[in-house]
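Before I ask anything, let me first share the structure, which is written out below as structure tokens.
Each chain carries a letter (A, B, C and D) given by its place in the written order, and its residues are counted from 1.
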């Protein structure tokens, strides 16, 4: 997604080269614990193999930065554009998304070569201050933010694959859930006009604008996240079996998928366990509930006599600084559908396909998660997934209209 | 959907008995041109047989009015509750929705007997002023509004069935499309706080409330509807083939369904025809476009350099009285997802299932259509369908943010 | 299916006119108890509406007899060829098979007019002895046999529709199952060479030839049919739950379809009932089991320590005259796949599509059923259905290799 | 499949230990060119990952030989029985077949350890002549034949995976198709009674018996195989587009799958290539056609004015020694459905599930292929696949009834 305008205060060349090196190295660090076997598979159409993420983010720089901007750049392998384009219709034909897990060759080692080849060319390009036009800085910045998004997906997608393996492998055996930050009560928002959406300096995706004025409140937004303890109470009260608590499509999903608990949970000898990045572990009651769909979040809120916040309410409340765990723990479902802000128009060209064409049939999540890369989160960030999705690190913060 | 509070000024007994007789007779008048054969089939899971509509609306009065409120009422046939319950989980098990077209018996004549049996009991009940408590008046009023909704579906559903018949039967051979009311330009709405949603007297569905304040504008709303002439220009410009105009899910629908024109259109010897209530007829260029999905409406707006209005914008603009064909021609897609108004809570019990549980994965339409029953439309009415639906009488009104 | 050679002793004109009138009248008699509503629906893709059967058999005479052979014949309605062609690719495009139940118009009355129109033309044609060439006599004879096949389907298809109606309507309220003819023991066939397949005079389908020599035996073929009493013992012994008794595809069907008893059976208050042509009735223990698939027949035989006969074994045994209920009760599954006899070649042209192109993925049934039309059965007749089919009147006769 | 009786002349202990070592080493040799990435994926539900084949064949020895027969044997890992059981219901629950490609851990290296663990235990067991009872020898022999079957699948399954990779990797870059052995004319079989099926010494699967007498002929069986040159003529003549040449289910497959040529063929710049074990190569006209389904073989035979042989005809003709390429090139489709021989009864217990439960909905292939392991082919061998399958090395030999 292009920023809505050329980012004022675009980073200088050394800063950008540095950011490039840092982000790219982080991807490799995330992949390091995974074997070549781990990296090749795709556990469902919505997920992608680690190797694919590593190659696709590289293709993004090759396609949108090096080919148009680096004189004399030699494409690593013409066939990779077909394999590693994701959904950019304007950038040519693509390999079928659900078949990404079939590509054993190029091998993991060849993808590492591809990354090195592109990284070298990028380093040369970014080393030349004269070459760093604002347009180039902008698209490199987009590429880095894009790669950060895929970094989060590397974790969510491999966790999904491991969670369906009867052996429940651990990505990092030492990993453990931490308790949610204790935080009682609500942040009260009286009626008022606020401006939401991205303004001013710094990078943002186009879907965060145009900034615009909205009327918010009166409403209360819970300071703390819903925990596993809360969720176990919902389950014990028959929450998954009580149709009256659910949206019609939601209860259909419950029945079709056989949901009886959050994603990646397994009942072992009468005790609930969750397959986590640390492997299978007993559910930690004080940790925030995670891997719940919008349908489940909505049903839980109804059961609790509460609602979910709208994305505007969330943004205004978070701006007060009084929400615990707003960022870095679990994404928080809002009751807002993912729609364009008033007057939004996607950019022309392939990068215009980044966000705008997905603005239907999805719900907005706000905040960020433990898997979000450092520096990638911000107040105006709009994440979005279908209401049935639950393989991301998604949780729940409640709202109340009578608070 | 129960009104949010007992309707003040509930109709007196004679008025209600009169309304009852009038609404019920209108259903029969709508079904009259259809043979028993026509009335038994179901052309897709989302549609229902005419006979089913006639029986189901009758069951609604039996189940929610007569059984609880009419002492000594004898149920017509216990088996019909199973066949003609639609989706009220709280009212017991139901016949599978996609199999409604398999029920040749009870016959059409037996369903007429069922209607007569219930009508007689209702007439007796409503003839007694003493019996007409506010609660009773409310549920009868809901039943009448419910039946009016099914009246519209009788027309849209049989048209869908006829439109897939190679012979393209006519519901009413004399029926013809009329031109849209000519109306140029936009209604300009400057920024302002407005209250939307239902207030005050008269019936409304629960999803029209709570009334609440919203910030609207600046925005312009087109006075007139998009016409077939406009749509043919979109088609001639390759609109259905240009992925960049479409939401991703929308273009997937175009390809999966083979859409090349609005619903019920057929190309015959190089000329576009539409199967209408009057049978197959050449497309009338000045008539409003009809039978388009949200996906198509959205793509058309993008092609036209415009947007769709939000439902709040539509309601505020329509309240000015300056919109042509706001009611009675075609429902108008908005860019608003169908979601609860702030603080909305569905009523308890079976009637609480009426609206609230469908508040996800659908888009709001406003206004009303040529098939909407007399007296059923109002400014705050929220109709809703999935973005792929196009068998209803659905059209397009545009909005502009730079008007 | 054209007879393999022009039938020697083709019927003379008066006899054929008489046969025509008789067969056509029988179709109408079968449809008479059914309302127009009953006649329009299609309860699954493999079944067809009664009205469709009546129109399609009429189209067959129009398309293959009147148009090529009756000078000056005026086609009733050009559009019906599209609607009522079944699967003859060579005869032009067809209406989609699974959508046959959507055709409410032409009405039932118009189809009656269609039948009358064709019958009048056929009567004129057959009244002229000079016009009755052997080729014409052959195709009329095929048309009559074709219509007899559809007569059986009229009964099986409406029974399927009624059996899924919760109300279980009766086609003929007086209809009852009769006990199987008591018959103990086996017909022993020592090893020997026999000729099977159709020879000599009289009509046969092309798939009954070429007659050819086969080696049969030693084997025993049960004189009597398997009864409901036998089947209830199989059920009581856990037959439907014991995977080891089933073919792999068969057990998958059991699980996917939830089979726990023969087709059209319902358990009501702990007692098994069957929806029959006489409506829902308690299962008659002495009646032959009916509405079982090949998978079930095969599993039952294994449970009983027996096998199913091959079609050659069946034909040789039936020729001895010692089998009870070989004809006129239930079709009997054989363990033979439906394949061409050695040297078989389908005829050219549309009628060559009658049988040959279905010779894969189906199993042969022999004999005939209570729904088979008078005069339609014979020793060499090869009926065929997929191994999962059970809406026909299909039952079981056992064989033994150690008898 | 257990041999129908304890194999007379069962191998002595040293011979069996030697055979065991040889067969097991051959599996590893086949897997050696494949990376761990290559070995983990599953390209369709009917195929399996190489790693799975290696582990499953090992589990077979552990489950059916070591656990019951080797005192003190320690199971390598209890969890592997769940992962590597294929379809033996009697041997306990299994991992879902279509999800075999999701198991990145146990790693390829751990599966190598598993193989070594079992091989060591097997070596100890087979080293003891006293322990080698006939029953033990029989099940070891079955295990070796089982592993040989999976050896062929290792090749066919990885070729399927590579053939869908746009890059078309080569299993063995030096591999090339060789021309079919030139062989004109037909072997004429006059009518006669022959015994087919397995008799006498040596191993066979249970589905090859009971040996029994059949009447075969008169018929001619082509000495040579159908070649790519023949197939290109069929294609050039519009074979894939002419419905009249096809079984109805076959033409439906052509249309649903978009078949226009044999499996793994790609048209590149107007020239047909095939993805082979040697990667993508121009089609060799003199090589036998390969990767065709039964539907295609049947349509080709009809186009050629010929038939396919029955399995009995094939076996009798092959016994004359006059067929070229009967073994070791491509499996040859017969027109025989895969059904039990007269009097066949599967063995009790888990090993009885080997063959018998698949005897429906499949067609028999005879001979063997270039991928069949040394020593695994024989005259009476019955291979079987659904008529739509074409990822095996399957080709065509014709028959004629007027030869």
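Basically, a residue touches a chain if its C-beta (ideal position, glycine included) is under 8 Å from a C-beta of that chain, and two chains touch if they have at least 3 such contacts.
If you're wondering where the values come from, they're calculated on a predicted model, not measured in any experiment.
Chain centres here are means of the Cα atoms, and by that rule the chain farthest away from subunit A is C. Centre-to-centre spacing of subunit A and subunit C amounts to 59 Å, using the average Cα coordinate of each chain. Per-chain Cα centroids separate subunit A from subunit D by 46 Å. The set of touching chain pairs reads A-B, A-D, B-C, C-D, using the touch definition from the header. On subunit A, the positions that touch subunit B within their shared complex are 87, 89-90, 191, 193, 213-215, 219, 243-244, 246-250, 294-295, 298, 307, 310, 335-337, 339-340, 342-343, 352-353, 357-361, 363, 387, 401-402.
Note for the complex: subunit B touches subunit C at residues 35-41, 43, 79, 82-83, 95, 99, 101-108, 161, 164-167, 169.
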